[in-house]
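Worksheet for the structure shown next.
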Amino acid sequence: MWWTLGLVLLIIKLTIVISVLFGFAAYMVLVERKLLGRFQIRYGPNRVGPFGLLQPLADGLKLIIKEDFVPRSADRLVFLTAPAVVAAVPLVIAAVIPFAADFTIGGTRIPMVITDLNIGMLFVLALASLAVYGVALGGWASNSKYSLLGAIRGSAQLISYELSMGLSLVPVVMIAGSFSLVDIVNAQARLPFILVQPVSFIIFLISAMAESNRIPFDLPESENELIGGFHTEYSGMRFGLFFVGEYVSMIVLGALTTVFFLGGWRGPLLPSLFWFLFKTMLIPLFFIWTRATLPRLRYDQLMHLGWKFLLPVALINIVVTGGVMLLMGW
Amino acid sequence: MLSEELKQELRKMIADAESSREKAVDVMLDIQEHHLWMSDEAMEEAAELLGMSPLELDELATFYDFIYRSPVGKYVIHVCDSAMCWLEGHQRVMDHISTSFNVPIGGTSPDGLFTLLPVCCIGYCDRAPAMVINRRVYGKLTPEKIDRILGRLARDNEFHPPE
Amino acid sequence: MPRLVIDDLEIEVPKGTKVIDAAERLGIMIPRFCYHEALGAVGACRMCAVKFIEGPLKGVQMSCMIDAQDGMVVSTTDQEAVDFRKRVIEWLMINHPHDCPVCDEGGQCLLQDETVSSGHGRRRYPGRKRTYRNQYLGPFIAHEMNRCIHCYRCSRYYQEFSGYRDLGPLQIGNRVYFGRFKEGRLESPFSGNLVDICPTGVYTDIPARFKVRRWDLQRAPSVCINCPLGCNTIGNSHYRAVMRVEARMNPYVNGYFLCDEGRFGFSYTNGGADHAQRPWNSRISGADVTVEAALAESASKIAEISAIYGPGAVVALGSTRNSLETQSMLSRLCRRKGWQGPVWFNDPAIYRKVRSGVERLDSGIAVSMREIEFADFVIVAGADLLNEAPMAAMAIRQASRKNATIIVVDPRPISLPFEFRHIPAAPAQIERCLGSLVKGSISKDELKGFDSSAKGFCKALPAKFEEKESGISISELSGQLMSAKRPVIVCGTGIVCESTPAFAADCAQLLRESGKKAGLFYILPGASSFSSALLSGPETKTFSEILPQIEEGLIKALIATESDPFWDFPDRERLDRALSMLDLLVVIDYLPTETVKRATVFHPSSTVFEMNSTFVNQEGRVQHAERVHVGGVPIWGAHPPRIIRNFVPGGDHQPAWELLWKISAETSMLESVLTLGELIAAEIPVFEAVGHSKYPITEGRIIPENSEGSFVKPKASPAKGQTAKGFNLLLTDTIFASREPSAYADTLASVFPEATLFMHSGDANGAGLSEGDMVSVELELGAIQLKLSVSQRMARGFLFLPRQRGIHWQKMKEFSAWIAPERIRKI
Amino acid sequence: MAQPLVLFKNRHPNRVATLDEYRQSGGYAALERFIGGKIDPGEVVRLIDESGLRGRGGAGFPAGKKWEAVPKNAPFPRYLVANADEMEPGTFKDRILLHTDPHCVIEGMILAGYAFSATKGFFFIRPSYDSSAAIMERELEIARQSGFLGKSILGSGYSFDIVVHRSGGRYICGEATALLNAIMGKRPNPIKPPPYPTEKGLWDRPTVVNNVETLACVPHILRNGPQWFKDLSLTSKGAGTKLFCVSGKVNSPGAEELPMGTPLREIIEKHFGGMLPGSEFKACLPGGASTRFLTSEHYDVPMDFDDLKAIGNRLGTAAIMIFDQKTCLVATTHNLMKFFARESCGWCTPCREGLPYMRELLWLIENGEGKEEYIDTLRSMCKQVWNSYCALAPGAAEPVASLLEFFEDEVREHIRLKGCPFNAKAGN
Amino acid sequence: MAQIKSVLRDLLDDVLGLADSYAVTLKHLFRKPITEQYPEYKRLFAERTRGRIILTRDPHGEERCVACYLCSAVCPTDCISIEGAERKDGRRYPLWFRINFARCIYCGLCEEACPTLAIQLTPDFEFSKYGVLDFIYEKEDLLVDHQGKNAEYDYYRHAGVSVEGDKGEHINEKPPVDVKSNLP
């Protein structure tokens, strides 16, 4: 009985999370285009439906209808599955993110997380590095020089920034004393970690941007050198999956930032879910803003930033945090 | 169109020369004495006499100043327009002949008597302005002198244009 | 060997080389207009100015006028020279019209190139432009004098080089006009070269007028197949049509030039102006079918006839316009399948003359046209060069310009563009005339040095030849021949006696024995007579000999490969009857011939422009013609349809050798023969010497180093004069109209000579006829009407009838005829 | 010093000297001595060489050298051509000479022919000198009857005859090689040597072309010796006398025989009556149209080949055309250029197209449509036409070049005023 | 110490620089867009705009194109094909003239190359089709009845060939040389 209820709840939660994520991702595209338009003093999409609101549907429809083209010399199986990897990974990450305060129905406490893993953060980090497989495999399987170059860049970039990302989270774990995301949120009941760990926050934010291949870190796809980088050869919905993956991972990263630094669902007066969503959306919006502001880094600049700046700073931050904790006697 | 006597005369002249072509200019000048100018038929007959193609003869005829490939009047007036005669008023001479005797510059008078053409220095610079009429030279021209010379030519020759 | 430095590059050149040529050897193209290698330097355009920095001359000088000398240091890029050249261009351009867009020279215009390269871009001259009126110069050459830059190339080529006198410079100063005395067709049959030689667009090619730009053309080196000389050409095609043919420089064959027949006689390949004259599609009994169906039909029918009547009932006809590949394939198939043939010629006499000539050529005695240009004594025996092989006349003209003595022994009223002594000997007298001429040139001392056969030959030569009418003294000519160093005998194979080609070879050999560098040059019929002679043996038959077998019903199938018996067989009715008796007439051709119309199965073959092919010219020179385009019905003249398709209309044609191979069903062919080169070498062993392994062979002569030169004692010539009163009617060739394939070109149709019968003026007086009369000649099988032309400069007792397209001479029954005087009537 | 008369010794007003008059003045004595006496032709050449006689036709090439250039073993026939195709504007000395003493020329031709064993002489004369040609033909017949001409002259065995060849009239025919083409009945385009006419001239035979005046000097030199001839000149390098033809703004234009090297001032003021009343000397062309302007600063220059060469000019035909201060030199130069452009034979580009170009620019300047840049264009073209085929175009450029050198201000004045400053334009 | 200071100052500069850029874009976010709403609003295009290609006529209403093949030669996408022909009076014209607009990239090189100002690009860019063959424009589709951008230019008045008017009657020409003239 218990497990059936649990299963039902799980399915409900899964359904909600996935549809919310996909819905958000779809509309995130619209929001991005709209915002980018306004940043560039133009309108953005405004033809499909009022204010262009049906644009994501039209896009989706178009992508589905379009020919699913596979290059003749491509590694067919890998080529076909790679986009799925990209799209699936952020969805899986979403499983450990608590998105609201616990909910009690009839005395039963229902956790507002699909599953609260006690090693949630490790899970997140592990999966985050899996996303690069999609890029690398897709690029390699295309059997095209542009794709391959994009894939190699993608791998290198992800490996480089994975490191600083992980290290930026070490202080969080140190302070929270747990790997469980729920615990981390709870640890911020008094003070969100952004105030306690601003340096970590900044490093995490930058790394997150890099992880999601967003401008200014979109080297794997840089249009003007590599046509489309790793997804040059993709078309139709498979291309769409790369897109969906990127946007979902943007939202997921926003959610993770919320969890790690912005105090999760916590907030005054309004329902916790609202706070969570609100905070979560702030991060992608910031990403969009950044896209409108900064130019793409050069490859060497990218490596320089990752290895010679973020990594040492993150390490120093850990040491300093540890020192402070020792002094304060936490 | 050339008369048989003329042809005989020309044949003799050509036979005396080192090569027949040598006499091309002389033949044409002689024909012009009889026929005033070198018509296409005259050219063809002259070329045959000289053993040249009509074109080869025409190459020479059009080159030279004193061979006329267009119809001219009985008297061809060449008025010198080079430096000295020009300085001494060749234009006045031309204009005078043109107006007084109704000869367009470069053309022939309606009665077919005079043709007025400019010519380069004729070697009478000491007696400028000068003109040549049918290879006779008249120098130190004044309107009165021109009237006298041309008037006499017009009077003396009851002129019938050739066929 | 002077050494000089041009633009910091050092070069050593032979003495007498002009600086402009020395620079060209270094790859430095000094701008020029009036200079042309064939015409020499005259220094008229002043465009080739360069600066001489060191050496015997200093300052800006014309590089075309100065021989390279030791120690010269020349700069083509010196500012002074560059400025001067720029100024020359400015001068030339002050009167040049603004009509490049409507000028056919645009895109291949030397003036355009030099103007751009000099940097001249804006006309600063404040005055107005000079204009000229144009002349009509005939159907080949358009005249636009406004464009003239007065380089004098045209008049120098036309008058000095080619020896015609109806185009030249008129007037003086900046009004010089290049034209004719009166409008009219240019007399020269070499007029097309004006187009090539003019550095700008004064003379342009009318057949290609307003059709195409140079950059749009597909170009490939080709060979002219209209006469045996094998002049080198460049085929130019666009929109699946051959647009024009240009001369390709080959110093040994045609130099820079081409005759008008070769240049303008190409339109047969396009099927004429309406594209309909060429048979584009395969046909069975006159109905269009697919290529495969036609091939299957031919193959099965041939197999059937071979099976029933034996392979000997199949005859393969070739011709002298077949490529070497086709000829080799024919020869091979006949041998392997047991077919009769291949048959190359119609007339057995011609065949024997060609064979006896080809057998006698060796590399010591055969001369190229280039070598003729340097001859100092030329004897033309029985050849009407201007009509039979025009470019050979041009070569002899060059010898004549170098003061060579030219003697023509021919019964016809020959006209040539240079001074020559004409001995109008009857065909039977040609040997006598030639023999006495040669004999007179051999001194007693020389005779002593000869071996016995040569001595015997020389002694047997007739000592005297009386030539009353021309008043030419043979002994005087012999004296000149005696002092000649490089005499050449040009021998025809048309109207001469059967023994004459060999006799001419013996004479040449004799002159050689007497210490001269004597040469021999045959004029053969057709483009590949030489190779057909190589491919035939003593048993090879001619069509005239095959015909009775058809009439007897022994032969059931005929495979005519680019061969049209109707073209030169004299009895049309008999031929018609015979062909209708055949069970199968397979015709492979690209021309709309009479035979094609009668074909049971017809296969379209490729023209020389549509395939890679090889031809051997009359001196044994192997030449390769590359494919210019794929061919097909030209797009030209009508709006191309708006459809998408994956085949070329009219693109069914294939090289004749390929079609032959396919209809022979000889699958084992490929096992023994791997390449075309090996195929040819297997059939013609002498090819081994030239290196058959590399196909195509681009250069080489396939004549032996030493032929079995045997002096055949000349027969006593037949008694002179015919006792019976009458005329000997002989067939002759005439330019433009007598040769396949050019006679099928509609571009030439307007210049076909008028049908004219030639007769001696004495004979004509006797018959009461005069120049220009229309006469009716009653031949064996009917009468023909044509114009009469009389001449004093021909043999008496002869009539010459041009074998030209449009004259129904095929009523003769035999290859020559005896015409009684009453059979010629004035009408 | 009294004016030494050599060529004009028998000058009679309105009458041609007869054979008798010529003989009385010593004519045909040289012929009798050298040909009649069968003296080696080499001696004739040597004497002429020594006398320093230079061609009077314009180029000033030593006459003896030209005859020597005929190879000793050259084939026969050999030809001599007397060039009376005097078409340089301003020049008329040959006409005066032929109307004065034709036998002087005839004797000169025979002796010159003897010098290199010529077999036939051509007397090439322009069509506007028809009366001179008629005189020549008449006097040749007289000479022939007197035994000076024709088969075996004076029984010496040397045969030489002269025919008069009438030209159709073109300036370029005065050029030696063009003249040969004209005689042969070809288009009279010049031919650039080598081969020189002395090796391959008429019909590829050795041919010498001499000016009429040059030939007329020959008998006098042979009669009086080379030193006498040399001494006639006022300058040390010059030799003999020269027929000066003066035309233009002087009181008595005409031709006079004066010693070589007579200064310009003396020629104008002493021998030709000085400048016209109201005229001042502004410039002159010293030797026909194809020489450079002499300005008043050169007023005292001795008129001789070498002295004029020293100031960058040429004696040419010694036909002095004098212009006064009222003459517009731009218009004059335009007129000269018009002449040259019209008379170009059309063979080479600089002459055929360049001269009309220059004429057009001068015309525009004269008519007030000139631009400053035209001066540079003209100047560079003056240099560039030197690369033409024959000497016509360089000669034509000379007046323009010197106009721009000495009278640039006048040209600029035209451009500045947009018109000709000489409102009383002479002639036009 | 100084080194650290300078590093920190650089860092500060960088951060301020970044902040500055963010401020700029943020400011733009609140500006009114300058986009013009097509197709509700259609702006007027400059005459030189490179849109659909036309063939113009000369002032006499004759085709300007003389089929010189320069446009087809210069076309980087090979979208022009022509066949030239000659009219009775000697005037050249294109027998057919075809532009494949599906290939055309509107680079304008053909217009630049055209010596007779016949081929011109117009501001009209609105022509979409459903079929590829519909993009192939023939001469009938291209030829217009006006002069386009250069109203007065008439090539044959400059060319010196006797098509419009006789020799010597065109702009800047002398009367034809009379070979038989007696004038010197």
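Chains here go by letter, A, B, C, D and E, matching the order in which they are written, and residues are numbered from 1 within each.
Simple rule for what comes next: a contact is a pair of C-beta atoms (placed from the backbone, for glycine too) under 8 Å apart; a residue touches a chain by one contact, two chains touch by 3 or more.
Remember, it's a predicted structure, so these values are computed and weren't measured experimentally.
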{"item": "Labels of chains that are neighbours to subunit C and to subunit E", "value": "B"}
{"item": "Third chains touching both subunit B and subunit A", "value": "E"}
{"item": "Most distant chain from subunit E by Cα centroid", "value": "D"}
{"item": "Chain-chain pair with the highest tally of contacting C-beta pairs", "value": "B-D"}
{"item": "Chain whose averaged C-alpha position falls nearest the assembly-wide average", "value": "C"}
{"item": "Gap in Å, rounded to a whole number, between the CA centres of subunit C and subunit A", "value": "83"}
{"item": "Chain centre separation (subunit A, subunit D; CA means) in Å", "value": "104"}
{"item": "Centroid spacing, where centroids are CA-atom means, of subunit C and subunit D in whole angstrom", "value": "55"}
{"item": "Approximate Å spacing (C-alpha centroids) for the pair subunit B, subunit D", "value": "25"}
{"item": "Subunit D: positions in contact with at least two other chains", "value": "170, 187, 342-343, 345"}
{"item": "Per-residue overlap in subunit E, given as positions that touch at least 2 other chains", "value": "179, 184"}
{"item": "Chain-to-chain touches, reported pairwise for every pair that qualifies", "value": "A-E, B-C, B-D, B-E, C-D, C-E"}
{"item": "Touching residues on subunit E, where the partner in the complex is subunit A", "value": "18, 21-22, 24-26, 28-29, 31-35, 37"}
{"item": "Contact set on subunit C toward subunit D in their complex", "value": "43-47, 49, 60-62, 65, 83-84, 87-88, 91-92, 94-95, 124-127, 149-150, 152, 169, 171-176"}
{"item": "Contact footprint of subunit E on subunit A as seen in their complex", "value": "35, 37-43, 289-290, 292-294"}
{"item": "Subunit B to subunit D touching residues, read off their complex", "value": "18-26, 28-29, 50, 52, 59-61, 63-67, 78, 81-84, 86-92, 119-128, 132, 135-137"}
{"item": "Interfacial residue positions of subunit E with respect to subunit B in the complex", "value": "178-184"}
